[in-house]
Structure formats: C-alpha cells, structure tokens
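Pasting the structures here.
Shared between the two complexes below is chain A, which has chain B as its partner in the first and chain C in the second.
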Partner chain A sequence: MVLVLAIGDLHIPHRAPDLPPKFKSMLVPGKIQHIICTGNLCIKEVHDYFKTLCPDLHITRGEYDEDSRYPENKTLTIGQFKLGICHGHQVIPWGDLDSLAMVQRQLDVDILVTGHTHQFKAYKHEGGVVINPGSATGAYSSFTYDVNPSFVLMDIDGLRVVVYVYELIDGEVKVDKIDFKKTATAPSAH
Partner chain B sequence: MLKGKKLKLPDRLGSLVAGFEDKDEDSGGSGSVSELGEELEILQPTGFRSDRESETDDDHDHNEVQEEEPMVKRKMKVDAELEHNGRQLRHEKDGLSHISVIKTIEVDEKRSDIEYEISQKEINLEKLQRIASTGIPEGGNLRATVWKLILGYLPPSRDLWEKELSENRKKYAKLKEELLLTPSELARMKEEAFQSNKHNNAHNDTAGPLIRHEISHEDHPLSLGKASVWHQYFEHTEIAEQIDRDLQRTHPEMKFFSGESSFGRKHRESMRNVLLLFSKLNPAIRYVQGMNEVLAPLYYVFSTDTDEKNASNAEADSFSCFVLLLSDSVDHFCQQLDNSSVGILSTLSRLSDLLKANDEELWRHLEFTSKVKPQYYGFRWITLLLTQEFNLQSILRIWDSLISSPFGIQEMLLRVCCAMLLCVKSRLLSGDFAANLKLLQHYPEINIEHLLQVAQDLTPDTS
Partner chain C sequence: MIADGVEDEEKWLAAGIAGLQQNAFYMHRALDSNNLRDALKYSAQMLSELRTSRLSPHKYYELYMRAFDELRKLEMFFKEETRRGCSIVDLYELVQHAGNILPRLYLLCTVGSVYIKSKEAPAKDVLKDLVEMCRGIQHPVRGLFLRSYLAQVSRDKLPDIGSEYEGDADTVVDAVEFVLQNFTEMNKLWVRMQHQGPAREKEKREKERSELRDLVGKNLHVLSQIEGIDLDMYKETVLPRVLEQVVNCKDEIAQYYLMDCIIQVFPDEYHLQTLDVLLGAFPQLQPTVDIKTVLSRLMERLSNYAASSADVLPEFLQVEAFSKLNNAIGKVIEAQPDMPILGVITLYSSLLTFTLHVHPDRLDYADQVLGACVKKLSGKEKLEDKKATKQIVALLSAPLDKYNDIVTALKLSNYPRVMEYLDSETNKVMATVIIQSIMKNKTRISTADRVEALFELIKGLIKDLDDAFHDEVDEDDFKEEQNSVARLIQLLHSDDPEEMFKIICTVRKHILGGGPKRLPFTVPPLVFSSLKLVRQLQGQEENPFGEEESTTPKKIFQVLNQTVETLSNIPAPELALQLFLQCAEAANDCDLEPVAYEFFTQAYILYEEEISDSRAQVTAIHLIIGTLQRMHVFGVENRDTLTHKATGYSAKLLKKPDQCRAVYACSHLFWVDDQDNVKDGERVLLCLKRALRIANAAQQMSNAARGSAGSVTLFVEILNK
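So, the complex of A and B:
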C-alpha cells in the first residue's frame, strides 16, 4: 500500500495565494510516501512545504517555475508501476491525448502524470493511463478562469491502483475514486 | 550419606570459588547485569551457601530452609543441569559428578511425572501445579503444554484439546483479518467479492475516460473522519512504530529475537501482530512499553515447542495466553488507575506491607532510613513480571512458579519480589539511598531456586 500524491499547477504566488484551507487541513505529514508534482509551483516555499509532507518529492519543470533546475520530465518506479511525469506545456497541442500518448511511449511508462491544462482528467488508452491532477489552487489558466481546485492521491497496491480524486466544488471537498489494474503481461506499445 | 557429602564440600570451596570467578568474568552480556566482585548469594554448593545464610540473620525462615536443604540442594542441581544459558553454573559439573547421577534421576523422574499427568484423560490440575511450581524440565514440549494448561488455555480434558486449539486459532486468524489489514487490502477484498464482473468489462475498453465512482463514508486516505477506516489505520501507525522500536530492543543478545535473519524477523513480525492486535482490542490501555518483554518468554516457549503444529501456531497461542496472563494485572498499565485500589500504587503498598510482615527491620530501613520507596524499584518488577531483572532461562523458571502457584500469579509475584528484597538484605541494610536504589534497579544474579524457596516460605500479610 503506497500512497502517492499527484499535484501541480499551484501558481503561487502569481495566480493564487495558497492552497485552499480544506485541502491544507487534509494534507498532513506521515500518510503519504511519494509526491509527484507536475510543475508551476512556482516558488521555493511551496517546494519546502511539500518536503514537509513527504521527503520523497519528484518535480518536473513548468514554464513559470522559478527554479530552473527541475528536469523536463522524470520517470520512477513504484511497486509494479512505472510512472512518468511531464508538465505538459511542451506537448503541443496542449492536452491532446494522442500527443501525450507519444510522450508516454517515449518515456515507456504505465502511468503518465501531466498538467498545464488545470483540468482534471484520467484517461486509459493503449495499455497506459494518463492522469492530470488539475490545479491544486484553482489558478486560472490560458483556457479558462473557471477552475475547480483539485489534486489526486494514488494508492498503489500490487497490480492495482486506486486513484482518489479530490475536488473543491462550491466550497466542499468532493472525493471520487477510480481504480484500474495493470494487466499482468503488459504488451509492448511499439 | 548426604551429610557426609556436605562435609566434603567445604574443602573444595577455594577452587570452586576461584573457578566461579573466572567464569563470571568471561560471561558477558547474558542480559542480566552481574556486578563483578560481588557474587554473594549466587548458587553455590550447599556448604558454601550455608555460610552465606548466616549473613542473612532471619531466624525462623532459614531454619526451615536449613532442614529442607537436601531437597533444595538437589533441586538446585537440577536447575543447574537445566540452565543451558546459565554459564555461571558450568563449573559445578566439574566438581560434583558424584551427585550428578542423583540429579539426572531427579530430572527424569520429574519429567516422567509431568508426562504421566498430562497424558491422563482428565488432567489433575492441582497435582500438575504442585509439580510445576518446583520447576519444569527443559526439553520436549513440557513447559509449553503445562503453561497452556495452567493458564486455562487448554481444557483439562485431553479430548477437547484438538477442538479448543483449532477453534482458538481460527478465531485469532479472523481477528487478524478484521483488524490488521491495511485499508487498501480491505477495499480490494470487498471489490473482488462484489464487482468482479463490472471490473472486467471496464477494463476491456481500450480507450476513453476512466469511470469515476462515488466514495462512501469518507473512505479516502486523507480522511480526517473518526469513522473512516483510513483514519483509524493511520492512528495506529504511531503505535505500530513504537511496537517496532521496542521489538528491536527485546532480548538483543538472543538470535531468536534480534538480528536481520529471516528467522528473527519472522518472530518479530509475529510478536508485532500480537501486540498490535492487543492494542486494538484494548483501546483503554493500547500498547505500553514493556508489553513486548512480557510477551517474549511466552512466545519463545511456544515457538520452541517440539510439536510442529504447535510451534507454527505459536502466534495465535501466545496471543491468547498473553491475554490470560495479563488479565489480572492489566490495570497496572493504565495510568489513570495508578492511584486507585486496582492500580500499581496499591499493589506496591501491598508489597511494602508484605515486607513489613516478614522483616520489619529491613522494611524500616528501606522506608524510613534510606527512603527507598517501592515505586522506585518495584514498578518495573511488578508490571513486567520480573522479565527485566533476570536472563531468559531464569525468567522461565520463575514463571513456572508464578503461573502454577496456588496463590495466584499476582500474589506469588509479590512474594517473589519480597524474597528478592530479603535475599539482598545485608547489602540493603548497609547501603544508603543511592546504593540501595542502584542495587535494586540492577538486581544481582542469584540462585533462583533459593529465591523461590524463600518466596514460598514467606508469612502472608494478614493485615
């Protein structure tokens, strides 16, 4: 049972002052084993805050991040799953599933976590899954002002992943879950 | 004939004592602290011991012991044979082979007595208790079986054993399933039971957005709700971490418990399950540091059972016996009950009264002159059933007497504690607060049979 937090696009301090208080009260240290961050934090203070939640932090660079040392994309293996992270502003058209599928094949991962669109999405295709945790602060994006704050918590347990989606809708936290299993012999997507 | 032997022994005292001191020097870390240069009441051949006894000037108690000496001496030799780990006893075998024939016969007799008793259809618990309180011989599964019988885990009718054991073990496995699974495992099992069909369909889709399901009852990992399975799980991780830390420190000198071998880790994991389960079933006390020490001898005895089936179910058996063992003393662990009539302070004052009834001089010296109150040394003795004061072999022997005592475990425990005080009386009388406290908190090695005999002969406190 490994809990992985997928979060990103906070745009603190430029577009939002802080995480919504209801989210902050839920995110306490000691429960989460890994944090995957898609990017656009943007400042060091947010990085430090995430470090207090969990020491194992993986971040990729978003176009507004002040720290230029984050990588463009990253892969890691947790349990039986290979995860890949990429912010998504590099993938054109933004949010296009086929282009993201190309990145997934390139990184050779089972789950691709990507951001930039500030919209929560979870897609399954061709043996892989793309998850977009949305924006944790509800910051406006180039597409729309109307963004619900959201983030994702994945519970990886053997060959099964349960994805818990946390959204702040009308001031209330709504939690949904999605689960999927990795097929034991995953066919190569080439 | 025995008298003749008694006379011979003093001649050899010199060599024996010298031999002993050497052994003492190189027996390091056996878990109990033996202070160099201060051997005192440690097991010696009878002749030597009677010298020591004159130091402890209690009159009537020791006259009785003197008369019983031949029996006690024999039992002490029996104990000597049986203490595999007791390095301090090895020297005895060198000089006393002419008595060894007698002691081997003694052990075998006792072993066959016990085997006879437990092979009866309807076991006579009283008789078994009487034999057991003189010490259960090592080897086979005697100790494990006798403890289980006397604690009440096994019924006295042999026919019901199979049924009882398998029922209890099943119950334990069920409890484990209910309480010890991680929430994700629980969720997975539920899903597999209900939604296997739906799942298969969903996953045959090659592409498209994944279906979102509603969550019931705040059933997500970050939930702060009290009713949430996840919340309860995380609350217990703190306790689990504490248990893990303590288990690492249990009997570090023994391969059985410590070390990174899969063997040691398996045992620690079993003990962890037992303690975690206990803490979940007893939210009022949860887990208190030291419970691991009380569990250790039980688990050790049950796992080293020569019967394969019993050894592999040691976890389930030791859980039940752990609960039975702690049933009257569990209140000692609860801080809120400290000052009540069932709490530790009341038990400690009973210890004090017992000492007063048996040896007023020592009592006065401890209470008033050196102001060493029982709380300072007795707390650990009583709550942990003396597991921190002696090495494992001695603990097993002491527990033989505690468990099978007709007075009940707690009563006998108080007696043994009182006996511990009496046995170091001369040192206590000559010590001040600091010296006495140091002595009692690091109790010296001592002849266990002698200690238990003193405990047996105490006058009960009738106030």
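So, the complex of A and C:
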C-alpha cells in the first residue's frame, strides 16, 4: 500500500499565489511515500515545501521552472509498476494521446505522468496508463479554460493501482476513483 | 558609621545573630518559668541587636527575621499572661520601661497587638498610639523595619468592614488613616536615605534603597486589600493622600516605584474613574522619572481590562479615556523635550494598542495616534536606533493584526507617513509584514485606489528607495521578497473589468520602476492577470459595439506587448519569449489575427537574436511549435511564413537528434485534425522525409538507434490518422 502523489503545474508565483488551503490541509507530511511532480513549480520555495511532505521527490522540468537542473524526463520503479514522468511541453501536439503513448513506449513504463495542459486526464492505452494530474493551483492555461485545481494520489498495491483524483470544484473537494490492473507482464521487448 | 567591606558585614551579622540567639535562649528560659520581668529584660537585650547601624538592608533583614520569629513567641506568652489575669494595660505600661527606644517600641507593638485582640480598647486608639510612637525612630533602615513590623502585626486587626474589630467608634476610615500615616512616615524615611552619607556612595545607597522599596509598597498593598474602601473613598481620600506624598517627596526612585505600585495594586475600574487625577500627577513628577514605562504599563493594564470583557467598554467611553490619555501623553512629551525617540514611540505604541482594544471601530483615533507620532518624528532624519525601529515596526503591525484586513489599515492616512521615517531595511521588513498579513487573511484588494495606496506602502520592496547603490542584498532574501510581491499581485483582483484594467495599469506603473533585477519576478504575474482578464472579457461576448472607452482585449494586448518588451530589453529572453507565445495564444482565442501575428514575430525575433544556449533553444522551439500548432486564426499566408520559419529553426538546432525531433514535430503543423484547411499531406511527408534524412545522418554519426526508431513509429501513426 504505497501512496504516490502526482502533482504539478502550480506556477507559483507567476500564475497563482499559493496552493488552495483545502489542499494544503489535506497534504500532510508522513502519509505519502513518493511525490512525482510534472514540473512548473516554479520557485524553490515550492520545492522545499514538497520536500517537507516527503523526502522522495521526483521532478521533471517544466518550461517556467526556475531550476534548470531538473531532467526533461525521469523513470522510477515502485512496487510492480514502472512510472515515467515528463512535463509535456516537449510532446507535440500538446496533450495528444498518441504522441504521449509514444513517449510511454520510449521510456518503457507502465504509467506515464505528464502535465502542461492543466487538465486532469487518465487514459488506459495499450496496456499502460497515462495520467495528467492537472494543475494543483488551478493556474491559468492557454490550453484549458476554467481550470479546476486538482491533483492525483495513486495507491499502488501489488499488480493493482487505484487512482484517486482530488478536484476543487466551487470550493468543495471532490474525489474520484479509477482502478487499473496490470496484466501479468512479459519482459519488455527492449 | 556605614560598613565598608563585605567581610566585616558578615562578621557583624554573625555577631548580631549570635547575640540575638543567646538572649533569646535566656528569654525562653524566663518564659518557661513564667518570669515576666526576666523575659522582658532578655527580650529587650535581644532586640538591642537591631539597633546596629552597621548592616546593609539585606543583612539587617536577616537579623530582623530572626527577631520577628522570637517576638511571635513572646506575643503568645503575652496572650497567655492576659488570660491568666495580668492586665494588658499594665503590660502596656511595663514594656515602656525598657531602656532603649528601639526595643521599647518593638515590645510595645507586640503588646499592642495583643491589646487590640483583647478588645479592651478600641483598635483605633491603640493603632494611633503606636503609629505616633514609632516616630521616635528616625534612622531610615531601623525605622523602616520597625514600621514594617507594625504593619505586619496590625494587618489582620484593622477595623475593616466585616472585621471583628469594627465598632461604633472604629470604622474603615480609621483603618485607612492608620495605614496612610504609616505609609507616609515610611516614605519619608525611605527618601531620607537618599541624602544620607557622602556623595560618592550614591550608587550604593540607591541600591540599598531599591532593596527596601517593597517595605514601603506593602502599605499600598494593604490599602488595596481593605474591603471597606469603595470607589468614593478611594477617590476622595486614599488616592489624593497617596499622590500628595508621592509628588511632594520629590524623589525620583520613590516616585517611579510608587506610581507603578499604585497602578498595579488598585483595580482597573478605579483607575478608569480617577484617570484625571492620576494623569494629572504625571507632569508634576521629577523630570528624570521614567514616566513612559509607567504610562505604558497603565495603558497595558487598561487594554487588558478592556479585552477581558465587552461590558466594560461603555465605561471607557463614558470616561473619555482615550482623549485623556492622549492629552496626558502630549503634556508629558512637551514637558520633556529631550526624551529619546524610543520613549516617544513606546508611549504611542501603548496608546495605539489601547485604542485598538477599546475602540476597535474608531479609525480616527488610531489615525490621530499615528498622526501625533508623525509630528514628533518629523524634523528628524531617518531613525538609526535599532530599538526605536523595532518599536515602530511593532507600532505599525498592531493595526494589521487587529484589523486583519489591510484595507482598513490603508484608510489610516498617517500610516504611510510613519513608514517614511524608517530606513530602507526596516521599510522592507515592514512591507514584508504587510504582504504576509494580506496573504494570511486572503484579503482581496479590489479597487485601483487601494492598490495605489498599497503599493505606496510597500514601495521599499518594489524599487530601490535611495538612489545610492545597495551593497549586496542577500540573493535568497531578495528572491523571497520579490516572490512575495509576485504572489501579492495575484491577489489583486476585481470582478469589474474596467476596474481590473485600472488595477493592472497601476501595478504596471509601479513595477516598471523596479529596475532590471526585479522585472523577471514581477512582470509574469502581471501578464497572467491580464490574460485572465482577457479571458473574462471574452466570456462577455454580449457587449454590443459602441463603447468607446471600455476595456477591450485589444487594449490589453497593447499594454501587454509593451510590458513584455521591457523584459526582453533586460536580458531575460526565454521568459519574454514564453510570455509572447502565451499572449499569442490568448490573441488566438480572441480571433485577433494581427495581434497574434505581432506576438509571434516578437517571439521569433527573440529566438533569433537572443537565445543562443542550445538547451534553451530546444525548449523554445518546442514551445513555438506547440503554440503554432494550436493557432487557428492565421490566414494561409501568415501561417505559411511562420511555419516555414519554424521548420527552418528546427533544422538548425545544434544536436542532430534534437533537429530530428523538432522537424517531425513540425510535421504536425501541416496537419491539424480540427482545421480543414490545414491538411497538407504532402508537406507532412516532406517534413517526415527530412526528419528521416537527419536521423540517418545522426545514426551515422553516433548509432543513435532510438532516434530513427522513434520517427518510424511516428510516421506509421500519422499515416494511420
């Protein structure tokens, strides 16, 4: 029962002053084992804040990130799943599922977490999952109108991952749940 | 002869204690054998040890305490005696035969205590007798301790209301009279100590005096405990007498201590009702007395009193506490023109706290206080004194904490004026405090005027106040400051587009004066706020034509164009490029083709001229292509030009794999599912072929198998679409 927080596109301070207080009160240190961040934090303070929530922090670079040392993409293995992170502005067209799937195959991962569009999405695609946690602060996006703040919490348990998405709609936090099961894998082709 | 040498004192103390104990021993023996005469003889000898003038008050106290204990036992014996039939009057007579006056008086007090308890005579007579007799001792230390003894033994025998000693002849008035007289005499003795002895030992004397001050203060404490004293009696008798003594003694130490004592021991309601009298005494005190501390404490007490319950607030109004305090402070400051600035500010700080607690809705009072502060500060240059600046920060933070709302604080017209007197460091600190308060309370600042006022206040953060160059501001601190300003900009919002536009213009005006270091931090949030406004305006499509001056997206874009341009003038090309592209997308959504084209042009120019780092180039290209791909507003010609340029850039990237990826990304430019006029299959193929060529070259150069494999997959997918 490993909890992984997928969050990103906060754009603090350029597009938003801070995380919504309701989210802040939910994100408590010590409960989450890993944090996956798609990028565009943008400043060091947010990085430090995430570090206090959980020391195992994986970030990829978004185009507005102040710290240019973050990698363009990253992979890690948690339990039985291989996860990949990529911000998404490099994948053209932005938000296009096929292109993202290509990245997934390239990185050879089961779950790909990307961002940039500020819109929550979760697809099942050819044996893998593509998740976009949206923007945690509801930051302005040229891509999406009416952005609701959202983030994703994944519960990885053996061969099964349950994806909880938390969205702040009209001041209330709404939770949704999606189940994915990994088929018993043959070793990958590469 | 005053002692000189601590060791000598120790010796004398030891000798005194030894003598005392020896005599006490004999006294006990006499008591046990009921030998009254001997008992008195030895007790008198024992008490003679207290006649010494060699000890400092501290040591004398030790001796005194032992004597006190012995006298308790003696008192019990006397009580037994009277029960056995010995007349107390006779006893009273008898003890007066003791040889020396000091022991005589101690014994008298002891007997007197028993006398009162026996109720054979009215308490007031005995008390009066005793307090008069004690006049016989005029030596300060001895006299103080003697009278202190008197106060102690008489404490529970005062004819207070409800006490057993009250009678027709004895009333509270007599009790009060007794205590007041004792107090007056003790104070006189205490003050006299100041003037005894050579001038060079002044410090030592003052130290000794402060050791004794509680003895004097005890009387006031006793007074406050007397239940029979009600407000009227306090107003008519007690306070005037006490104040008279305080003022007339003209002694700095006594005045300070006693004023403070009065404020601490008597209840707050009394203080409120006698505020005139109390405050009237202050100007009459010696100029060296630390009035500000006393006044501050008074105000603190009253503030706490006000905060304790809401019922007492009307009392304050009735008594017009604020104006009295204000006037009093004014008079004090006038009377002491040399008061250091720290003192002035402390006073006003306490007054402001008081005002905020008692009259939270009277902004004009708070403003008055600040105004007085400004008046006093004017004429001096910026403050250098650290403590004073700290006090000012406290002064300014108090309204923020209390009101929890910067908007209210902004209404205090004198607020910014006070801030002007802070040096730039503190100004920044204060500005940060303000911003933090706004963020904590999430206050929305929604009109341009308020924004203007707010930015006036925090101008320390927004631009360099002095023209002189600052020595290195710490990098991290600077970033933090600017980030907080950036966050602040996010909180400035109004739902009315006109108003919002005004706000944006105001903010822009201020931050453009910030200098090149600040712009990268402050411009982006402004840009995004503007873009949000654009979107909001878009949503209001219903606006018919015909408004001349209303805010249109076009106007906003013009402003944005100029603003982002400033960013490109200082070296921040990547940021500027990104912002241009964002604006272009927004223009796209508004169907403003020329505007969007203009933005793209600017972006391209930046790319060509400024961005030379290869990684930055890659990112920039991705963004350009991504944005362009989503544009639907361009006509064929424009789009062609832009696409051509983009493809050109892609092919010129430094690393081959990057080139390849960029080029096949460009292929998407020619085929967008949603737009029917952009489906140029041929060009797509061309792009892909080009990509393949590059990939092959790359492969030849460095076995980058993945590069070509990727493009093959893509090829397949695109054909499949």
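What we mean here is this: the second predicted complex is superposed on the first by the 183 of 190 C-alpha atoms of A that agree within 3 Å, B and C clash if a C-alpha of one lies under 4 Å from a C-alpha of the other, contacts with A are read in each partner's own complex, and residues count from 1 in each chain.
Here, a contact is a pair of C-beta atoms (placed from the backbone, for glycine too) under 8 Å apart; a residue touches a chain by one contact, two chains touch by 3 or more.
All values reported here derive from a predicted model rather than from experimental measurement.
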Superposed partners chain B and chain C on chain A - clash or fit: fit
Contacts of A:Tyr49 with chain B and chain C, given as first, second, both or neither: neither
Touching partner for A:Val162 - first (chain B), second (chain C), both, neither: first
Touched partner set for A:Glu126, first chain B, second chain C, both or neither: first
Chain B versus chain C as contact partner of A:Gly30, first or second or both or neither: first
Minimum distance between Cα atoms of chain B and chain C in the superposition (Å): 15
For the chain A and chain B complex, residues of the former touching the latter: 1, 3, 25-28, 30-31, 121-126, 129, 153, 155, 157, 160, 162-166, 175-181, 183
Residues of chain A defined as touching chain C within the complex: 11-18, 43-45, 63-64, 68, 89-90, 92-94, 98, 102, 105-106, 139-140, 142-143, 145
Sites on chain C touched by chain A in the complex: 439, 479-480, 483-484, 486-488, 490-491, 521, 524-525, 528, 531-532, 535, 578, 582, 585-586, 589, 615, 619, 622-623, 625-627, 629-630, 665, 668, 672, 706, 710, 713-714, 717, 721
Residues of chain B defined as touching chain A within the complex: 182-185, 187-188, 191, 199, 202-203, 205-215, 218, 220-224, 234, 237
